[in-house]
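One chain, subunit A, links the two complexes that follow: it is found with subunit B in the first and with subunit C in the second.
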Partner chain A sequence: MIRVSNLKAAYGKIEALHGISFHVEKGEIVTLIGANGAGKSTTLKALMRLVPPEAPTVTGGDITFDGASILGMPAHRIVSDIRMTLAPEGRRIFGNLTVMENLQLASWSRKGESTDKEIQHVFELFPRLAERARQRSDTLSGGEQQMLAVGRALMTKCSVLLLDEPSMGLAPLIMYDMFRTLKRLNAEGLTIIVVEQNAHLALKVADRGYVLDTGEIVAEGPAEELLHRPEIKAAYLGG
Partner chain B sequence: MEFFLQQCVNALQWGSFYALIALGYTLVYGVLRLINFAHGDVFMVGAYLAFFISTGLLAPEGMFGFSRELALILTIPLTMILTSLVGVTLERVAYRPLMRKGAHRLYVVITALMCGLILENGNLALLGASRRTLPELMDKAVYHIGGITVTNLKLFVVLAAILVFFILHFIVTRTRMGMAMRAVSWDKFALPLMGIPLDRVVVFTFVLGSSVAGLGGLLFAMSYPVLDPYMGATTGWKAFIAAVVGGIGDIRGAFVGGFLLAIVEVMVAAFLPSTYRDLYAFSILLLILWHRPTGIFGKPLTAKI
Partner chain C sequence: MQRYAINILLCVAAVVLIVLAQTETLDKYVLNIIMLIGINCIFAVSLNLVNGYMGEFSCGHGGFMCVGAYVGSLLSVAFFTDSKLFGAALFAPELAPFLFPLVLFGAMLAAALAGLIVALPSFHTRDDYLAIITIAANYIIISIIENIDAIGGSRGFSGMKKTVNAMSDLIDLPWMLIWTLIGVFVCVVVIRRLMTSTYGKGVSAVCQNEVAAEMMGVNTNHVKIMAFMVSSGLGGLAGVLYAHVYGYVNAQSFNLLKSTEGLVMVYLGGMGSITGVLMAAVAFTLLVELLRFIIPGLNTVFHDLNLLPASYQLDQIWTWVIIPLTLILLMQFRPEGFLGNRELTHVFPRLKRWITLK
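Moving on to the complex of A and B:
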């Protein structure tokens, strides 16, 4: 469904991705793992066609969705037309809006349609958000903010969800909850690409994985197999 | 007492002008964290546009030859629309390309200053130094309430400013576009991820701010019919200060700041030697800022400008 071929991306003159290739098929959970600065977030931002200075400029290669290049598309059309969105690193929820407003805003591209059903779905996945619907979202705890970030992404009615470090700063129990929810969403048909520093957890839930190192893919394979490869165990899974 | 109340009426009128301009400063700052220093000159352009539109509509030998009432009713929306085009053009031609390239906000602010100078001097080059006089668009009526005199024009100005305030407040707090504007002010980066075109939200913000400045220009020209290219620099700067004192980024702040500045100015001029009006007025505002650096409604931010 998504095919990235020989993708090169740079921040200014500094090249962050040196020609990476990978693909994601419909209904899969694919994870990108690797150390800090390996290019994981950069890859997701390039996929979303976000613009500098926060996102890189694509300097080579191609990204296709169902065979058609999406390089010329602005980010908001990736969301509204391709139905792919990103729950970014650090959550980036709109702290000056209420929980409900955050959710409503994300249904922008479906102007006029009723959003009650989707909001109910989000509240069913994350009951805590329902309790706090009228609250300003910067008063939420870290875990709740991550729930809102994912819930908000779902409100775009995405069929592909990119997640950048969803486990960051979460207590273990909440983290496992989050990944269980992702698993459930995947069972409902959502395609997921998840970037994680917690490689063990990511490989446990993913179907396939890619290992990035300084802007290049150094290993790939079924998640189960990556989990047991000695060199990956040593480098990313703490022995 | 009557003298004091009469001064209050005058202050309300001036406060309306300041508020109408300050609203544009505060909207753009609130959404983009950009101080659009060309905004005072957009107000000036609005006054000139009102002059050309109303003169054209009223010209007896022209193809229209409208009555004054009809001319006024048409001049209001036409001025607002054309002025908003000026604001949007500035955004499109000057600010957007810079921000696209990731330029620091300081460069955009300086570009805005420059755009203001271009508008002022462009006007001077185009129209010459002779001052223009706006035709009368309203039959003057004077009301006496107690010992105070109020003209229908003053009433019109103040009511217009109040109406604009409530409309803007409604847009920002109750509509989808307003929600998006508030979201941009918090985090520009995440907005496209919601499927929302950032540019459209920014353009809408400039349309709001500039059209209100255009209305301000028209009302100002109706009250003080002699126009000159530097009226945006003087009145516009004061309105900017009013926005800062009110707490830039907050619509209520622009409104309150505008009226506060006008009251201080008018009262200083009424009871103290008027030569020192600006000195006293701005010293008082400085004291307020000293006490509350973020303005009356402002909240501290980590990075300003």
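Moving on to the complex of A and C:
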């Protein structure tokens, strides 16, 4: 469904991705793992067509969705037309709005439609958010904020969800809950691309994985197999 | 009924003001100050949309007020008066009270278009860099107007009093007070309705995090254009009212000092709080005016107490020492302003029983 071919991307003059190729099929969970600075977040930002200075400039290669290039699209159209969205690193919820308003805002791309059904779905996935619906979102705990970030992304009615470090700063228990929820969303038909520092956890839930190192893909394969490859175990899974 | 108490109270207050002005119970000076308060309210509340709600730092709001003031003045002179510049009046002066909204609208439209000078660069820059662009925009606007000799150049432009007189000749009412009150009402309603709409949520989202906003499908460029244009357009409304209240405009009255006054009112009131900014606009205007009396008073007291040498007189220049000083103290002890980013009804929830905001 999504095909990235020989993608090169740079921040100013510094090339961050040196021609990576990968693909994601409908209904898959694909994970990108790698060390800090490997280009994982850069890849997601390039996929979302975000613009500098936040994101890199694509200098070569192509990204296609169902065969058509999406390089010329602005980010908000990727969200509204392609139905792909990103739950960015560090949550970035709208702190001055309530939980409910955060969720309602996410339906910006389909103004006028009722959002009750989606909100109910999000509340069912994350009951904690329902309890806090009227609360300003900057008063939420870290875990709740992450739930809101994912919930908010789902409100765009996305069919592809990109997640950048969803486990960051979460207690182990909440982290497992989060991944269980992702698995459930996947079973409901959502395609997921997840970037993770916690490679072990990511490979456990993913169908396939790609390993990035300094802007290049150095390994790929079914997640189960990657999990047991000795060199990957040594480099990313702590022996 | 109870829920509309404050709304009704405000309407009654407006009517009372108009009646007092009509019967000349209020002297001209007080009336002028009331109108100036109204104009400052519009100026500050409109700036609040960009600086408060959207979180950008616009320091050039005076420039848009200037565009509004000049375009409004020119339209007004061309429409209703015989002038050297435009020749005979386009419309009969008797139509002035009915067609004056056209003048206001034209001024707002022109100011909104001028807002594009800032809106378009805002796609790629933000924060400090955009602030510098807004200052530049302020200078550009003033320099352009100052260098067009046909509209008076640095001598300024006048003739709007004739329009105001034409309105009073037909129906004897304190017209400018009425237009100013309508202006304040329109400005507050527009910003309030905008901010409670989905678009307003988009503005808040841009303020908090542009990337996240874009990820929610918000067309951030669209939101920015709209916010800057509404803000500068309403700034232009303040300008055209100002021009007609005083009957004279000069580009230099809208320089960076004017823009700074706007910033002071916004930060004094609390960024992103309409009621806070309204309170600040009233307090600030009154403070400036009161200092006209307080400073000579202080001067006498200090001389009586022999605290100042006889050769030195405290004069009005000190206004611009005292006001920035208040600002410094405010930032030290209450950096969030009067209300922070909350409205009066959030600070005093019981007020909600008495007021209905739409």
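Heads up, the rule we're going with is that the second predicted complex is superposed on the first by the 239 of 239 C-alpha atoms of A that agree within 3 Å, B and C clash if a C-alpha of one lies under 4 Å from a C-alpha of the other, contacts with A are read in each partner's own complex, and residues count from 1 in each chain.
Everything that follows uses one rule, which is that a residue touches a chain if its C-beta (ideal position, glycine included) is under 8 Å from a C-beta of that chain, and two chains touch if they have at least 3 such contacts.
Quick caveat, the model's predicted, so the values are computed rather than measured.
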Which partner does A:71 contact after superposing on A: first (subunit B), second (subunit C), both, neither?
neither
Identify the partner contact of A:50: answer first if only subunit B is touched, second if only subunit C is, both if each is, neither if none is.
both
With both complexes superposed on chain A, which partner does A:171 reach: first (subunit B), second (subunit C), both or neither?
neither
Looking at the overlay, what does A:234 touch: subunit B (first), subunit C (second), both, or neither?
neither
Which partner does A:106 contact after superposing on A: first (subunit B), second (subunit C), both, neither?
both
Once the two structures are superposed, pull the subunit A residues common to the subunit B and subunit C interfaces.
48, 50, 54, 74-76, 79-80, 85-86, 88, 92-97, 101, 104-106, 108-109, 111, 152-153, 156
Report the residues of subunit B in contact with subunit A in the complex, numbered from low to high.
100-102, 176, 179-180, 182-183, 185-187, 189-198
Subunit A residues touching subunit B in their complex are 48, 50-54, 74-76, 79-80, 85-86, 88, 92-97, 101, 104-106, 108-109, 111, 152-153, 156
For the complex, give me every residue of subunit A touching subunit C.
48, 50, 54-55, 74-76, 79-80, 85-88, 92-97, 101, 104-106, 108-111, 152-153, 155-156
Mind pulling up the subunit C residues that touch subunit A in the complex?
198, 201-202, 204-205, 207-221, 272, 341
